[in-house]
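So, here come the structures, one by one.
First subunit A sits with subunit B, and in the next complex the same chain sits with subunit C.
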Partner chain A sequence: MSAISRLKYGSPNRFEAFSWYFMRVSGAVLLLVAVLHLLIMHVWYGVDAIDYRFVVGRWASPLVQVYDLALLLFAITHGVNGTRWVIDDYIHSRGWNLTLKAALYVLTVIFILMGATVIFTFDPDTSTTALNTVAAVFAR
Partner chain B sequence: MASAVASIWQGITYRGKDGHYAWMLHRAGGLGIVLFLFLHILDIFLVGVGEEIFEFFLFIYHSAPAKVFVMALLFGVFFHAFNGVRIILVDFWPEKFSNLKMQRTLFRIVVVMTLLFFIPTAIITVAPIFGVDLALSQLVGG
Partner chain C sequence: MRVTLRIKRFNPERDEKQHWEEHEVDVEPNDQLLDALNKVKWYDDGSLTYRRSCAHGVCGSDAMVVNGRNRLACKVLMKDLGKKVTVEPIRGLPVIKDMVVDMEPFFARYRAVKPYLINDNEPPADRERLQSIEDRERFDDTTKCILCACCTTSCPSFWANGEYVGPAAIVQAHRFIFDSRDMAVHERLEIMNDTMGVWRCRTVFNCVECCPREIDITRAIGEVKKAILNGGVGG
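Let's turn to the complex of A and B:
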């Protein structure tokens, strides 16, 4: 165990206990949600059937929107927390350890926002989302 | 840097048979999936930017190399998912599942379940490369 691991995982740190349980609970949720997502897309429809109209048509249903949001949130939090464990396991230099994790968290926030906005704010008629709005402001 | 290389090397060369393979595959699979997840959020984000740009990039997913890549990804997810269940069982019910014999059995069940899900899914995934559409909705829909 490195000094960083010992400091964090050897102490009665409630967050790490929570993190351990969270990986198991979110893993159980993903077993259903992520595996079903793969079966729907790769076995039922097939990737070649997917195009713009396919995606937009599915998001016309609030049920699909909520499902996709749950998939996004559980997969990214579970995956990023796992990546954090791997960084703590291998990157022992304090500076690099913090730098990598800081970059990971910034990226995570940006990608959660990107993934969530597109599910709920796209408009099939103009297909305008946050990015287009921002681009329009700068184009003025 | 040297310590990172040393600890990664230790993780690979430790000879712990099935438990070791399970751990390596679980970790490699998990990391591979998050990496793809970030890419996948990017491409789906393009749906919101516009129809043209989203469909422009679709040729990547519809290409043969992508299908081979997706096949590897599917293997990674199925193994990670079933091995994750094994980890949960052993951790929450150690009195039932943590003895060596049970762990061996569980690992074998994980491998069988992974192949059971992977093989048909992989065949359906690569079939379009050979001009065959095996997607179930197509087969059922006629």
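Let's turn to the complex of A and C:
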């Protein structure tokens, strides 16, 4: 028997099963949440109504904050898990595989923290100042 | 009718890499592609090499890429292929010569799923292990596999990562996992529950499109995934 004849598969670890199930559930949730977001913002209110004041008013509501956090979490984790699959499919060198996945997870944490920070600590006054500063730079 | 066969050739004693060769042959519309290849081999170039045995779509020897799709040369008729037909070896396995590939990696994956009935109980003394029609029906589709490797070698996941167990082996596992007489369901599900097992399937459906036995392979793979998630095959 050659070495290849003794191929062994199997794992008692259910992580991959969970990951597969999660992709289906998060995909369905994203479809609902993203389409609803699109309908509310672009059909119900319309793009003409969306300006800075509109966004400030919107983010004052805890319901919108939770909604946007759900959109952020599901979109990032769904996308990251898909990218992990692509890396596992195509990057066979163990070193590169681990490096890329580590970078992916670090980016995931950074993006989730950045998004969540903006959603929950958004302060219209500070932001107005920042906006004016940026506007002033471009106005020069 | 006269057709041109564009064949991907490789002779390890002569060639450094694969190259295309063209042969013109006269065929009847109802001839199989295998008949056309035989004409090339018998009357034109005896060095053309391919596997064939039953010539009736049962042995699964003559899988090849025909006009870009995995087919059995004996199950496809010349009238359905056009005037110019390209023929290549199946992809993802090492080419030995012309259409002949090394099938050992494929069969190693087949063996890895334990493709045989496991039941340590003493069988009835006077008869075989009986099974209801409904229980037999449960895995009927996956009993049709002839191990031609069309599915596994059409699968992008297998091309990208040769460690993947591949659709054919999962079909074989399905055949026993859903057999009410088999006692090793959990052992088999554990084999399938591997990063390189059933979870590498990305539901591309290439396997379903090319299976010469028309097995609903992606559905079978989905059923195995669900069984792993549910911790068994259930009622």
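Throughout what follows, the second predicted complex is superposed on the first by the 105 of 140 C-alpha atoms of A that agree within 3 Å, B and C clash if a C-alpha of one lies under 4 Å from a C-alpha of the other, contacts with A are read in each partner's own complex, and residues count from 1 in each chain.
Here is the rule we use: a residue touches a chain if its C-beta (ideal position, glycine included) is under 8 Å from a C-beta of that chain, and two chains touch if they have at least 3 such contacts.
A quick note: this is a predicted structure, and the numbers were derived from the prediction, not measured.
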Touching partner for A:17 - first (subunit B), second (subunit C), both, neither: second
Touching partner for A:109 - first (subunit B), second (subunit C), both, neither: neither
Superposed model, subunit A: greater residue contact from subunit B or subunit C: B
Partner chain in contact with A:35 - subunit B first, subunit C second, else both or neither: first
Contacts of A:90 with subunit B and subunit C, given as first, second, both or neither: both
Touched partner set for A:98, first subunit B, second subunit C, both or neither: neither
Contacts of A:66 with subunit B and subunit C, given as first, second, both or neither: neither
Residues of subunit A that lie at the interface with subunit B and also at the interface with subunit C: 2, 89-90, 92
Footprint of subunit A on subunit B - complex, ascending: 1, 3-4, 7-8, 27, 30-31, 33-34, 37-38, 41-42, 44-45, 47-51, 54-55, 58, 61-62, 67, 70, 74, 77-78, 81, 84-85, 87-88, 91-92, 117, 120-121, 124-125, 128, 133-138
Touch list for subunit C against partner subunit A, complex: 104-105, 108-109, 111-113, 157, 160-161, 165, 190-197, 199-200, 202, 225, 228-229
Parts of subunit A lying in touch with subunit C, wherever the complex brings them together: 2, 4-5, 7-14, 16-17, 19-21, 85, 88-90, 92
Interfacial residue positions of subunit A with respect to subunit B in the complex: 2, 24, 27-28, 30-31, 34-35, 38-39, 42-52, 55-56, 72, 75-76, 79-80, 82-83, 86, 89-93, 107, 111, 114-115, 117-118, 121-122, 127-132
